[in-house]
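Please go over the structures that come below.
What follows is a pair of complexes built around chain A, which joins chain B in one and chain C in the other.
Take a look at the complex of A and B:
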């Protein structure tokens, strides 16, 4: 099985090259036989990549430590569940996994379009196979072959990094990869449109659901990553602006911009060049993200020189994509003229445009902050860090402006808004937002930035709720339906629009949760059993935490676990006992590093979060010395953190509503492909 | 040995599968299943969408009466112009009699009928003389005014 997998990888490369060539040749010469061959090659490569991945999984399950990759990311004691996830635990496997996902999405695309949109398919297949070819070349020639063998047979593997032995970490990378890879389909269609010259919004309509799917997975993947960071990394936060996190945020920002700007092209026939550029940019950023996280460049600054092969291949690929797309767009420039123009600065069109500019500005700032230290280090050899303060300072106003636009966009008039129109639509929401901020201030919240965020958030929520209310009311009146039925039909008939509004609600919640961090409480104390620490919540109540003592268990629980030292803390709220929390230090068999497990008591308004920072005398404690019980405890109160997760959930529901296939739309598409009721007033 | 046989089988099957279309002359269709929008059609579509958005915004109370009237008037003129242009572009390929009939129809539409035309698809009450529903874009050919 394993050898067959390795062999499959080698056959896949010539097949992918063949498919790329046949796709482009077939499209150019309009030869159906070549195109059919190219389409079949997609299925073939997908099957081969599946075999190769099965080979890797088999190597993990069979504890085949003669393979470098298995020896580095697994050991005999690892739970089967984590062995299965070995496919994406490290760089080599995840590059293969990436290719596998592209293969699957490509196969779905070919199958879906076996009778439709045939004029696009030769080039779509060519582009998709080209991308697969690139990943196969990387896998086979950049010294990252997952099937590489060691010269000797180790008795056991080095095991999986304990921090990765967490369920969020098991689902977080594949979710992100699903997002990255799903975006290859819109990219392929965009390039195909440039090549075959069909530059109306057809390619956008065709790939809309793919874009949304990609966006959904990216968003959910990012939130999973935050959740993992919050629960597992043990420093009390969810986002550190480190390069790996930023790498996933970048394509999300541009994909969000793209999701919004396509609506202008569909509704107004504008921004065609811009949309093409955004697709290319987003695709490049997905590749860049893979490059940054999986080229080994980041986690191995010391082995910079060894890793250059893969960096060269990635740079060559990204460079040719960029150059090729730029040439194509320039070549088609005459056909990409706008059918309309923006009439006024105060209009929904310009709100969309601002949204795009802001998102791109954010993407640029994040990109700069991420790449600058790398470049600087590469050039000068000095390590420079661009820390969270930079990103926070830059992105705070950007985020706030975006948040405000999420409220302005839906209600400002298309074309041009008059002063009366503005007053009519914005007076109530602005007053509402101001009142909310004033009430919060009166209740004691004085942090200006947090207050602004909550005020703007309230403004946006007010607008969205009013939108739902007005739409439902209008529908109920016209159709004579009950309110609930009217609401249901309203959403069902235009899933993208109302799903989008629901996503906005989620985003508002997430931002409000971020702003809660302004009121984080952080108390550190050295404690002996029986000691108490008092922590005041920003909501007015106080927690009394009593350290009950340290208990050490050896060799229980996970097989990879050597021992765990568990600090038990009982918690009282305003003097009333409400339960207990634990935080641990853990020693894994395979890792020299000590791990920290935090204790979290979540409530809708705030989390109580404890971290066992240090144990005075660890050796004595592990040997159950009753005197070695002194610990350093860090207690955090984190207001509104849960709003981030709730917001993520709402966001996911909203995008699923937008994604859900609609029978109605299909009917309409069949009848009149150009009229699409679902886009009316879309935001 | 078994591995070798397996590998040869896989490779052979793959080669057969992808080379067969070229060798046997099996063709995938490359035809466009539907026609691309012409420039006039695209303009017509954009104009109609704009008209519908204004209707929606008015209905949802986002535009007041005055703004609505002025925008609607402008957009209706634009949409009609786009429609006419589109019909003209099309009539080039249609027979003379049909073209004349279309012209007559357009003239009639422009002259304006007395009362609203209800869309058979969504029930929206359209301006007199509407040829397409402002709410859903459904064609309103030959539907009598209420």
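Take a look at the complex of A and C:
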């Protein structure tokens, strides 16, 4: 199985090269036989990549430590579940996994379009095979072959880093990768449109659902990563503005811009060059993220090995994609002219454009902060860095502007908003937002940025709820349906619009959760058993935590665990006992480094979060010395942090509604663009 | 593509605001990222540099780590990765990350005090093997 997998990788490369050539040749010469061959080569490469991936998984399951990759990421004691996830535990497997996902999505695309959209398919297949060729070259020639053998046979593997042995970490990378790879399909269609000259909004309509799918996985993947960081990394936060986190945020920002700007092209025939550029940019950023996540180019807590060969290959690939796309766009510039122009500053087009500009501004700021150390070193010879304060400073105002647009965009009129339209749509929400902010201020919330965020969030929520209410009421009246049925039909008939509004609600929740961090409480104390610490919540109540003592268990539980030192803390709220929390230090068999497991008591309004920072004399404690009980405890109160996870859930539901295949495809597609954004259609 | 004049002002406005935010953000939050040797050279060149907040990466000198009994105050010596004679003492008043050992490579943020002790406000450990073992480790 393993040898077959390795062999498959070598066969896949010539097949992929063949497919690339046949796709482009077939497109140019309009020869159906060549195109068919290219399409079949996609299936072939996907099967071969599946075999190769199965080979890697088999090597993990069979404890084949003669393979460098298996020896570095697994050991005999590792649970089967984590052995299965070995495929994406490290750089080598991840690259193969990436290629596998592209192959998988490419096969779906070829199958869906086996009889439709034939004018696009030759080039689509050519581009997709070209991308697969690139990844196969990297896998085989950039010293990252997952099947590389060691010169000797180790008795056991190094084991998987304990911090990665967490369920969030098992699903976070593949979810992100699904997001990155799904975006190759819109990119392939965009390039195909540039090549075949069909530059109306057809390619956008065809890939709408792919874009949304990619966006869905990216969003969910990012939130999974935040959740992992919050639960597992033991520092109480969820976002560190680490280069790798930033790398996953960048394509999300540009993909979000693209999701919005395509609506202008569909409705008003504008922004064609812009949309092309956004697709190319987003695709490049997904490649950049893939590369950055698994290289040690920038100092990062996620960094893996320092491999320069692969850096050069990736930069060459990204450079040629950029140059090729730029040439194509310039060549097609005459056909990419706008059919309309923006008529008014106060219009939906304009709101969308500002949304785009601001998202790109945010992407630029994040990119700049991420690569700044490299640029500064190159220019001045001095290594200079910027940290989380930079990103926070820059992104707070940008984020607030975006949040406001999430409310303005859905209700401002297309073309030209009249004064009446503005007053009718915005007077009540603005007042509502101001009242919410005022009430919160009266209740004691004084942090200006947090207050503004909550006020603006309330403004957006008011608008969206009103939209739902108006739509439902109108439908109930016209169709004579009950309220719930009317709401259901309303959403079903125009999934993209109403799904999008639900996503906006999720975003508002997430932002409100971020703003809660302004009221984080952080208390540290050195404690002996029986000591208590008092922590005041910003919501007015107080917690009393009593350290009950340390208990050590040796060699129990998970197979990889050597010992755990568990601190037990009982918790009282306003003097009334409400339960207990534990936080522990762990030592795994396979890792020299300690692990901290935090204790979290979640409630809808706030989390009580404890971290066992240090044990005075860990060696004595592990040897059950009853006197070695002194510990350092960190207690955090994290207001509204759960709103981030709730918001993520709402966002996921909203995008799934937008993604769900429409049963009324034809009817909906025939509708002329109305006052609403266009509707869900066929992929 | 002809765009409304007022619209153009809006576009330029957004670009200007973002640039302004990035510019001020960088100039207000940037820190020098130095090696111990570079830090020492800078300080001997210009003694006022002691008050500038910097980021320094180096290696903890084995056996120098100690902790003030019952308090979260850690002291240890850090040396340059290239030039082991370049060292300085560090005081760090917070919980150490789990990855810290007395031979870790660390990235410190803080400033060198007048007494020559580096007061670190943040401490990150840096190791290439954080999630991946170096191949040569397997041999041992």
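Criterion: the second predicted complex is superposed on the first by the 643 of 683 C-alpha atoms of A that agree within 3 Å, B and C clash if a C-alpha of one lies under 4 Å from a C-alpha of the other, contacts with A are read in each partner's own complex, and residues count from 1 in each chain.
Here is the rule we use: a contact is a pair of C-beta atoms (placed from the backbone, for glycine too) under 8 Å apart; a residue touches a chain by one contact, two chains touch by 3 or more.
Just so it is clear, the structure is predicted and the values come from calculations on it, not from any experiment.
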| message | Once both complexes are superposed via chain A, do chain B and chain C end up clashing or fitting? | response | fit
| message | Between chain B and chain C, what opening angle does the Cα centre of chain A see in the overlaid model, nearest 10 degrees? | response | 140
| said: Tell me the contact category for A:471 with respect to chain B and chain C: first, second, both or neither. | reply: first
| query | Looking at the overlay, what does A:418 touch: chain B (first), chain C (second), both, or neither? | reply | first
| said: According to the stated criteria, A:397 is in contact with first (chain B), second (chain C), both, or neither; which is it? | reply: second
| task | Mind working out whether A:634 is in touch with chain B, chain C, both or neither, as first, second, both or neither? | result | second
| said: In the overlaid three-chain picture, which partner chain does A:339 touch, first (chain B) or second (chain C), both, or neither? | reply: first
| message | Touch test for A:167: chain B only (first), chain C only (second), both, or neither? | response | neither
| chain B versus chain C as contact partner of A:116, first or second or both or neither | first
| request: Pick one for A:539: touches chain B only (first), chain C only (second), both, or neither. | output: neither
| task | Using only C-alpha atoms, work out how near chain B sits to chain C after the chain A superposition, in angstrom. | result | 16
| remark: Overlap of chain B and chain C contacts on chain A, residues none
| List of chain B residues in touch with chain A within their complex | 3, 6-7, 10-11, 14, 17-22, 25-34, 36-37, 39, 41-43, 45-46, 48-50, 52-54, 56-57, 59-64, 66-67, 71, 122-124, 135-139
| request: Could you please specify the touching residues of chain A with respect to chain C in the complex? | output: 68, 71-73, 90-91, 150, 152, 154, 158, 161, 163-164, 234, 296, 299, 301-306, 337-338, 341-345, 350, 353-354, 357-358, 361-362, 364-365, 368-369, 372-373, 376, 382-387, 389-390, 393-394, 397-398, 524, 526, 585, 592-596, 611, 613-614, 616, 630, 632, 634
| Which of the residues in chain A end up touching chain B in this complex? | 3-4, 7-8, 11, 15, 18-19, 26-27, 30-37, 39-41, 43-44, 47-48, 51, 115-119, 121-122, 198, 200, 202, 266-269, 339-340, 411, 413-415, 418, 420-421, 424-425, 467, 470-471, 474, 478-479, 672-677, 679-681
| remark: The chain C residues in contact with chain A across the complex are 1-4, 6-7, 10-11, 14-15, 17-18, 21-22, 24-26, 28-34, 55, 70-72, 94-96, 98-99, 101, 107, 109, 124, 126, 128, 130-135, 137-139
